[in-house]
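Data block below; observations after.
Note that the chains are named A, B, C, D, E and F in the order they appear, and that numbering of residues resets to 1 at the start of each chain.
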């Protein structure tokens, strides 16, 4: 594997990937056209890489009462609050692509309040953004607002865990200066 | 398994655990004297439970240039900023126990600046707390401060990923009103 | 009087206490088992010590429509917002003791929203915490919320003055690095 | 005593003042030309009135390494951060009067950074304002900055206690909507 | 033109004013008794001076559903949030003068919530202050609150543009340390 | 002129434009391929439109020690802090175009700290962002940092006035829900 640009400000890249990781990266290239730099960053330790991808894949690609687009909306709205360059770039691209609506993707990356969202999705992002900004102030009333918008407890779990996950990822990217693949910028414009 | 008190405000508990999960919970009871409620909360979906425990166990119990006590210090300092009742209770207990210094555990739960920490650990928590409060403002100078305090890039990764993980966990606990096991309160006082 | 550990980062301790102060400190030892370090800190100047104790004793021990436990709840909730190590330690112990409910004491020290409080006490702490965080934004609606929860104007005065007092004490403790007596940590666990 | 305008939004005024309080209020009228409304507010309870005036008089009028003008500068700078209408009005007037420099008084009421202060007073207000805004972040370095500016530990105590006191008073005034005497507005312009 | 005191911390004053600017300044002296230092500051470049005065004069003196006093109330309330020494001084004077109510002027300069405003003006300042503090959180509900208070869309434009203008002016004054004319301090007390 | 989509949430569009405005809009269409919606929004009042365009054109297109690209960098960095959908869209496009570096434009729109800027431009944006976030805390040291980075007082004026202008524009756009032209999204990707 040759990585033309360093994926992070830390010096931890592996010279030799295991066969399993190599195969996983090949699959990424085939399906996405690239190996996301976050995976390159985690690849120095296969246990960490696998823990990250297991959680990520279940959260963003697994069964859920939320559509994949809705999960990307949460990813992008949270990353906007945290001004995360990596996640806004990578998940902004994913949201433009999945939604088929590049303008919507930009709006949520800039300020989700500017998007003309249906009440259900607006409630979902209000919850995700409050959880991001003031986790200490979450209350039953916040969960109730989601129930009132039509989400059941299973869906609330997924809204909560997706928003929480990107509060982790945003910070990880900021802490180690993770750099997104350049290809994302032009995708699905 | 009987859970006397509901673990979260959400209604997602499984009636039937798989053999594997049952065995894992038995091991928790044997080693810790309890099944942490966070695991009970995740048990409604075994994929999510496993992804969570894989990441958690690698992070907090796996090989690292950071001691286990230092990782708990990060967990508690981050949870203090976020005022997370679950994590301050559970990881406060762990920190009192691991450090053998209940007063230190309390100090970090209340305000890590009140603890008389060696410069290395102070730098570690300064980084973790800045990453928690203003992830958008992290810079090379913050990483350099860790290097100056004696941490190499591998250690910086672990400081970053531990602090980031608890920014996820704190929010998950807040979002679903996760309740810690009562036993933690009296532990290691 | 020998003080084994310095009470603050400032160098102001009196070598010789007056008879009156000595008697007061003896009474503290008898009733509390210790002389609170805040009193040791103020003892360098007997006028200041007396002004502080007069205000404190009236506020926390005098007649009031609030119970002593409720006043300690305010002390601890305010100190939690301000992350005050001294007051969380000393008044956390007092709240655990007075309420007879160590878990409740911990919850309020960590995040009062995690405690299952009756509406009256929840309204009381909402007011105290808003007053702590954004005093410039207090309005008649905030007082009305207390009246709606059953408090009369006399009780509002005491909620206001207790929350205000700890905004003073928290800052005094932070400014001079006041250290709580070690004994508090293990009390009423 | 007739109070033409209610002193606070609370309904707690005493109809009958004790001889001692009456005498104290007469002395205020003689020396200041008015009875400060804060005293009228506290007069419903003589113990509270006395505790407040004892602390206030020692702090603002007693012996101190700080001049009375410097103490008023702290009062006003803290009240500016907290946007306290009562204290900015009453102590703004006092600062204009004591300093003999109405413009300086206005500058500190609006933004102390706009005043051309000598380094000693600038350091004093930097400490007071940081203590007001982020008490949890005070550190030895903040005390050292005061020592570097020429303050000894006794003076640091007074800077700390004055700033802390007005964080109490500002909140008390906000909580009960305390109204300053109209006369202050035109004083010492 | 002789300017006794430098108007800003920057060194950009023109030695020679054009006839047009000289005439404009003469008119200021005649009508206001002074040339506002903001104009002196901009005078180094006549294009900038004219762009500034054209916008300012239309906004503050032109036709509007808002009275001139209401526009000054917005100017002062916004400047209070931003702690702008220049604008609080100059527009505080204007508001005292135009309203004929020096106390009202002081209240809005200190904390507009302390003024007993009619609901219409209170709604107007609530909008202006939210726009100042959290522009990213403005929503249709905020415009609707203005409509409910009796403002039409034309009036909303003027509330919005006045509040926005002073968010520019406050920052310009802060950035270059613009100093108000001393005369303002004593005006209309 | 037909405007297919309403430019703002307010109902103020003119049915009939003057010849001068019509000519100006025709020129916009010729040079930019569109009439920026901000101009459509202001067109209900030609005095306001002209005041806005005069200030804007001098600031962004007039003579300056700053390049046009640098001025757009300030516009975008300020708009990122304020999460302004209109300005991030319109000036994001302008910055991508002028810089010839779409990735740089995205970085500054998301978090300018992620861009690898030369020290001069980094200092410029640090100043603009501090002025945006905490105008009350600007000091001589901030101006000195610009001088140390090679800017003279004339350049400091332009950095200050550009950053200040977009703090106005961002708020105006937020207050009236100004919608950018759709064409910007795809420009210069």
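Convention: a residue touches a chain if its C-beta (ideal position, glycine included) is under 8 Å from a C-beta of that chain, and two chains touch if they have at least 3 such contacts.
All values derive from a computational prediction rather than experimental measurement.
Participant: Could you run down the chains that neighbour chain C and chain F together?
Facilitator: Touching chain C and chain F alike, sorted by label: A, B, D, E.
Participant: Same interface as A-F shows up in which of A-B, C-D or B-C, over half of contact pairs matched?
Facilitator: The same interface as A-F is formed by B-C.
Participant: Find the geometric centre of each of chain B and chain E from their Cα atoms only, then give the gap between the two centres in Å, rounded to an integer.
Facilitator: Result: the chain centres lie 50 Å from each other.
Participant: Centre to centre, by mean C-alpha position, how many angstrom separate chain D and chain F?
Facilitator: Between these chains, centre-to-centre, one finds 44 Å.
Participant: What is the distance in Å between the mean C-alpha positions of chain E and chain F?
Facilitator: Inter-chain centre distance comes to 22 Å.
Participant: Quick check: what residues of chain A touch more than one other chain, meaning two or more?
Facilitator: 83-84, 111, 136, 138, 177 - these are the residues of chain A that touch more than one other chain.
Participant: Chain pairs that touch, all of them, please.
Facilitator: After working through each pair, the chains in contact turn out to be A-B, A-C, A-E, A-F, B-C, B-D, B-F, C-D, C-E, D-E, D-F, E-F.
Participant: Going by the contact rule at the top, pick out the chain F residues touching chain D in the complex.
Facilitator: 136-139
Participant: Quick one: in the complex, what on chain C touches chain A?
Facilitator: 111, 113
Participant: Write out the stretch or stretches of chain C touching chain B in their complex.
Facilitator: 80, 83-85, 88-89, 102-103, 106-107, 109-111, 114, 177, 182, 185-186, 189
Participant: So in the complex, the part of chain D that touches chain C is made up of which residues?
Facilitator: 9-12, 47-48, 50-52, 54-55, 58, 62, 82-84, 127, 131-132, 135-136, 138, 140, 142-143, 153-154, 156-157, 159-161, 163-165, 167-172, 174-177
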